[in-house]
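You will see chain A twice below: alongside chain B first, and alongside chain C after that.
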Partner chain A sequence: MSPALRRHAPLVLVALLVLYPLLPFLDWAVTAIFGVRLQLDRQIINVMIFAILALALNLQVGYAGLLQLGIAAFFAIGAYTTGILTVDKYPFQLGFAGALLCAPVVAGLFGLLLGAPTIRLRGDYLAIVTLGFGEMTRVVILNLENITDGPRGLNPIPEPVLPDWLRDGLDRFLPADRIDLAAIHWIVLAALVGLLILMKNLERSRAGRALVALREDELVSGCMGIDPARTKLTAFAGGAAIAGLAGALYATNLRTTAEPNTYDFSYSIMVLCCLIIGGLGSLRGVVLGALVLLSFDNLVSPLLTRALQEQLGHDSTSVFANFANWRWLIFGGALILMMRFRPGGLWPARKREVDPATKADA
Partner chain B sequence: MTPPLLEIDNLTLRFRGLTAVNAVSLSVLPGEIFAVIGPNGAGKTSLFNTITGIYEPTEGSIRFEGKDLRRALTRRHAVGFGLTGLLVGLLIAVFVADVDKLWSAVVKQTYRDPSAGWQPSRAWAALGDYLAARPRVEQRIGRYYLTLHDGKTPFGSSKTLAEAESRLADLPRLAQLAGLEGALAPRSSGGFAIIDPVSGRRLDESPYRDVLEARLAAAQGEPAAAARTRWRRGLALLAGVILGTAGAAAVFRQTRRTPTSVAHAGLARTFQNIRLFREMTALENLLVGMDRKLGQRGRAARRAGARPALLLAGALASLVLLARAGAAGPAVIGTLALVVLLGTVVWLARIATLGAASTAALVLEAQAATEARDLLATVGLAGREQMLAKNLPYGDQRRLEIARALATEPRLLLLDEPAAGMNPSETVGLMQLIRDIRTRGVTVLLIEHHMRVVMGTSDRIAVLEYGTKIAEGTPEEIRANPRVIEAYLGKEELG
Partner chain C sequence: MLTLAQQLWIGLTNGMVFALIALGYTMVYGILELINFAHGDLFMLASFLALTLVGLLGLATASGPVVVVGLLGVVLACAIFAALINRTVDRVVYRPLRNAPKLAPLVSAIGVSFVFQNLGLFWGGLPLDVMGGGLAAAAPKSFPDLIPSTNLLGDGAAFRITAKDLVVIGSSLCVMVALWLFVTRSRLGKAMRATAQNPLAARLMGIDVDRVISATFLIGGALAGFAAVIYGLYVNTIKFQDGYQNGLYAFTAAVLGGIGNIPGAVVGGLVIGIVRALSDQYIGAQWQQAVVFGMLIALLVFRPQGLLGANVREKV
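What follows is the complex of A and B.
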């Protein structure tokens, strides 16, 4: 980091802190003034939800060292729990707040159910189990037509309701759809920031230390009185619960649970890609990874597709002309390059190495 | 005579054909330094691994402080197995009963009319009906169907709920009539009808005879078919309960003696080839050793923090209740106010608790760090707290491993070749450290090749050869024992 940047870092941070929550209105202002809809506000909500999901996987893979290939299952369970508990065709209708509380609990319970009998399996076996669970969940959701409405998905999911005084206050300045957008933006932002703080605390706490110790040497950790199975199960269920929370936010943002095939194996792999690109076990890396991946999907890819199609003209219906079709090729290439040049990810966790020499200098 | 701290009785460890430890009996008295020596491959480390729960002994018992080191099967465990079994059984039973149809019957059919609201009691009743495979009335697209247990609807649909329900009520009578001659008769107006010969009531009618025959057959077959379904579901529940209980019990049986449970019992160990958490600092290595103690402290602190908050919430709630009982006003507003107020109080209490808990956590963490520093200082690692374990010099790594084991606050410390690879001056320091550990009230069980360490520190020594104990006694006795000399130096061939 250059000295100038370092000097201005607090200023930048403060600016971010003030401006970021105002993003929905800034984008609206941009639209009003320039007449272009960038939809940055929508994209940024998706990025944040994806970052929450990646944090969940980071707890399981990055911290606990459990190779989990079915995170999309818990994401889907969170989304569908939200759907079942809020849509008006079912009698529960708990609303957004109730769903936000229940979805992580239900997803966490499924995590416990899956983890309890399988957590003692060694790495690759657990990967197979979770992979199977991920696919199984998708197919089960697809086939439980009476419960989940099969391929149609559950909708409409009600939007979060702002307190009346706030809504009345904003109503004077803003159109209603903008207020709804701001509400979900703030809620997702709060969830993400809260989780980041929680994870940061976890890293420095007894539980975090136990996880690091387990990752380094499971046998010795056991001999030091840490129960490997219980600790890993807690982390696994915790990750599942956070994925459930992400699912609840996702479904609320979309206003539908989306079709079950959204939550397929490639989704799980994409979250894993995000971790590896950002830096496994690094909080800032995870957020950066989510930003990079989703910006590629939602900003770079459409722009390049448009450019390609303008160039190709008449041949624009070809599959090669759609940049989204290049996605996995590019991700794969990026992963290989990462492994070769930056195995720790784009923004790896800080090395805490204390060199005896520098210590003597100080 | 004081009872032994560790009592190993007739311990045998076999790996298929290989007997690593052969009927070894040892007893370590509290407060002594006991050494196990023997040539390479004599089974010393295997003995340690068995004691600390890494290997399960083939035969024999290990008792620590008079208790078997295996976790006892308590009533709590038994209840846990039962609950696990019940959970698995219910899951399997629900899936055998078709969770999709069950949902439809229990939730969708009891919420046919959103304006009428939803009564959980009706849903419960529907759940009971469905699981017991009773025929029921279902509404689909505005019409009412008498649905048999398997979801079939041979009776067609009705326009009104009452009509469908009367059909449901007639089902047993219809089953009785099925075998009866003349129950099915032609109508004067054409078509056929089923008429109850006792009451003369017309139970069903249709232009087609075979439709009515099919309905009679369905009504007749229903009780037996439903009973079979009930059996199947019951069997699934039973199978699940057995599977779940057995599974939980099997996991328990396999984990009765784990390194963790042994560590919790008060034994700690070091390893022959140093196994530190290499990427952690010296201080963190110790904090991992203190994990259990910190967990207990944290729980106690949280409990202590939660109590005043709960008391406060309880007191406020009762105050509000009292005030409300005196006030006369619209009941709805009163209740709402109560709910809001209670919610706020609980919320505030929660925040207070969380705040207290996190403050406590910070205090506890600081306290733990101080304790860890002190412990590091006692093994001679003061000033190296923040160094990564892998960067420490070899002798310091050995010391750090001992300190980490001590951090678990053991009553028995097992040291596996602590002097291996140490230079003479480090060895002297180590001997002093071992004596200091004994002074702290920790009994030491030691494996060592370094005779100076063994003879200079131990109170008693046991000698293993090929897994068998060949001698036991004080250092002087061992030094003079001809079998020991033979094991180490070989037998003198004469003649």
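What follows is the complex of A and C.
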């Protein structure tokens, strides 16, 4: 890749994603090529939401080095906050914009609440606390049926509406369902791009460098005047808030909070997988990881299963014949292999070169 | 009152299984400071092996003495199986990461845990009669009721003690005493305690630390294999997700007793068993997980050194 192209590649990608909802024929083309309806429009939104969630975890695990195994809990809190604030059952009915503002705040508060007493715990104990919190949250949401509608989930969640002038403009050359899609697509895209810019700046800011310093050596960075507990807690609550934002977008996209068991431990681990595969602390890597993981689930796995079942024919009821059943073997194996052979991930974070002048002094 | 006593008894019996699994967590943690996430799933795999062997040997329809001999064989096979797998995983996965950042082996252990779960799912899909003919791989498998579960106090008695309970408690106690004697009396046990206290100093004193670690994984695995057979016989249903939840409960037990502390793990296991039984009875079974995990969080926040307080020292 030439340097110019390399520099402009992200911009081109974003521009393509902005234009995507205006090009409905792309979906027809993809359907024609693969022979199955892949719902590419919905998949792109899913990947972007998943990438936002992964960026939240990246703030906690990648930058701050806090192993968090319960990110699904904050995702769920965001989704359910959106549900409670918007569905007909409750008197709030704030609509999409209100929920989008409140969900990160509520999730962030839960993050503070959990983090304040536990952030000082050693790494592996913190991992277990967050795991326990994640499972507890799921069980509580499932059991408080009066509030959360239990296994049915809260629905219907209203969809975002575009401003009238834009809607009228699009009305002329797009079908109605495509306009609804465009609304959620653009909102999610804006959130993702905004977050990426924010994270990029964080990497170069005082707060971001303090986090990385803490991750590398808590003792030394403490001596350099960084307050470990405070810095870590900020990162933890910040990650929780972003996960809440992802949850709000997720619920809005699905138009329901989905059933509570969606937000289980394996969901948290899937997000962690995405970081480890893409590259801990690497923004490009995290987005790549989200793309790889969801492509496996929604593209590779169904296509392979179809191919396999065509081959086997008679034995298609067996567990082995469905590729979806192999996913944890593959993801678990990926975790093991990545840790052993490529701890930086597929697309690792670039380490800033040490200035040769200062290096000579050291 | 009688309900309370009955729940305590049930909790105690269940607690034995948690205690056996917790021992595997606590021993590995004591030496490597690694939460061996896959330990619960190892237990699950061993329970699937137990069910497979019971099916192949036809124990469900065999007569009394054959069942006893057969079960001893199954216990032995499961213990060896789990011990060898545990040691192999350590050799292949954890050992190369000994000098890596501390979270690397933990993430690997989570990976191993998911690989095991997936293998359990596939195992349940094998075309065996005991596995339901391989039709529904993920469905719970019924484990034949090989030990009589009639009430020893008579059919109409208000309190229920079964031969099964006594077998579970008795055999678990025997194994725990044997482990205790091994750790306190034998040469290798002494080396283990030394390594847990200070691996570097132990190495300087001529202890082969790698051998000690291997032995720890072997013993922890064997205990999980034994627990798996006991669990299958006692609960009579196994499924491939069992390892995850029981493993977490057992880990809670290990933390409760003070992680790294061997008698602590047993006490913790019994406490968890009892808490679980009481919460099922008085709060509701659907809250069980929330109660146990809530307890785990509170414990880690307020008393991370556990009830019996092992030497939890941050190694800088």
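We take it that the second predicted complex is superposed on the first by the 315 of 362 C-alpha atoms of A that agree within 3 Å, B and C clash if a C-alpha of one lies under 4 Å from a C-alpha of the other, contacts with A are read in each partner's own complex, and residues count from 1 in each chain.
To be clear about the criterion, a contact is a pair of C-beta atoms (placed from the backbone, for glycine too) under 8 Å apart; a residue touches a chain by one contact, two chains touch by 3 or more.
Given the structure is predicted, the values throughout are model-derived calculations rather than measurements.
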Q | Superposed partners chain B and chain C on chain A - clash or fit | A | fit
Q) Is A:G111 touching the first partner chain B, the second partner chain C, both, or neither of them? A) neither
Q: Using the touch definition from the top, say if A:L142 reaches chain B (first), chain C (second), both or neither.
A: second
Q: Tell me which partner A:G333 touches in the superposition: chain B (first), chain C (second), both or neither.
A: second
Q: Figure out whether A:P260 sits in contact with chain B (first) or chain C (second), or with both, or with neither.
A: neither
Q: Tell me which partner A:C223 touches in the superposition: chain B (first), chain C (second), both or neither.
A: first
Q: Using the superposition on chain A described above, determine whether A:G289 touches chain B (first), chain C (second), both, or neither.
A: neither
Q: Have a look at where A:A213 lands relative to chain B and chain C in the superposition and call it first, second, both or neither.
A: first
Q) Put chain A at the vertex: what angle do the Cα centres of chain B and chain C make there, to the nearest 10 degrees? A) 80
Q.
Between chain B and chain C, whom does A:G65 touch in the aligned arrangement: first, second, both, or neither?
A. second
(Q) After the superposition on A, what does A:R122 contact: first (chain B), second (chain C), both or neither? (A) second
Q) Once both complexes sit on top of each other, what is the least C-alpha distance from chain B to chain C, rounded to whole angstrom? A) 9
Q | Overlapping contact positions on chain A, where the chain C interface meets the chain B interface | A | 117, 143, 219
Q | Contacting residues of chain C [partner chain A, same complex] | A | 33-35, 93, 96-97, 100, 102-108, 110-119, 121-122, 124-125, 134-135, 137-138, 244, 248, 251, 255, 286-287, 289-290, 293-294, 296-297, 300-301, 304, 314, 316
Q. Where on chain A is chain B touching in the complex?
A. 88-91, 117, 143-147, 201, 204-206, 209-210, 212-213, 216-217, 219-229, 352-356, 359
Q.
Going by the contact rule set out above, which residues of chain A touch chain C in the complex?
A. 65, 67, 69, 117-118, 121-125, 127-129, 131-133, 135-136, 139-140, 142-143, 219, 265-266, 269, 272, 276, 317-320, 325-329, 331-336, 339-340, 343
Q: Going by the contact rule at the top, pick out the chain B residues touching chain A in the complex.
A: 52-54, 99-101, 103-104, 107-108, 110-111, 114, 117-118, 247, 255, 258-260, 262-264, 268-269, 271, 275, 277-281, 284, 287-289, 291-292, 294-295, 298, 358, 361, 365, 386-388, 391, 404-405, 407-408
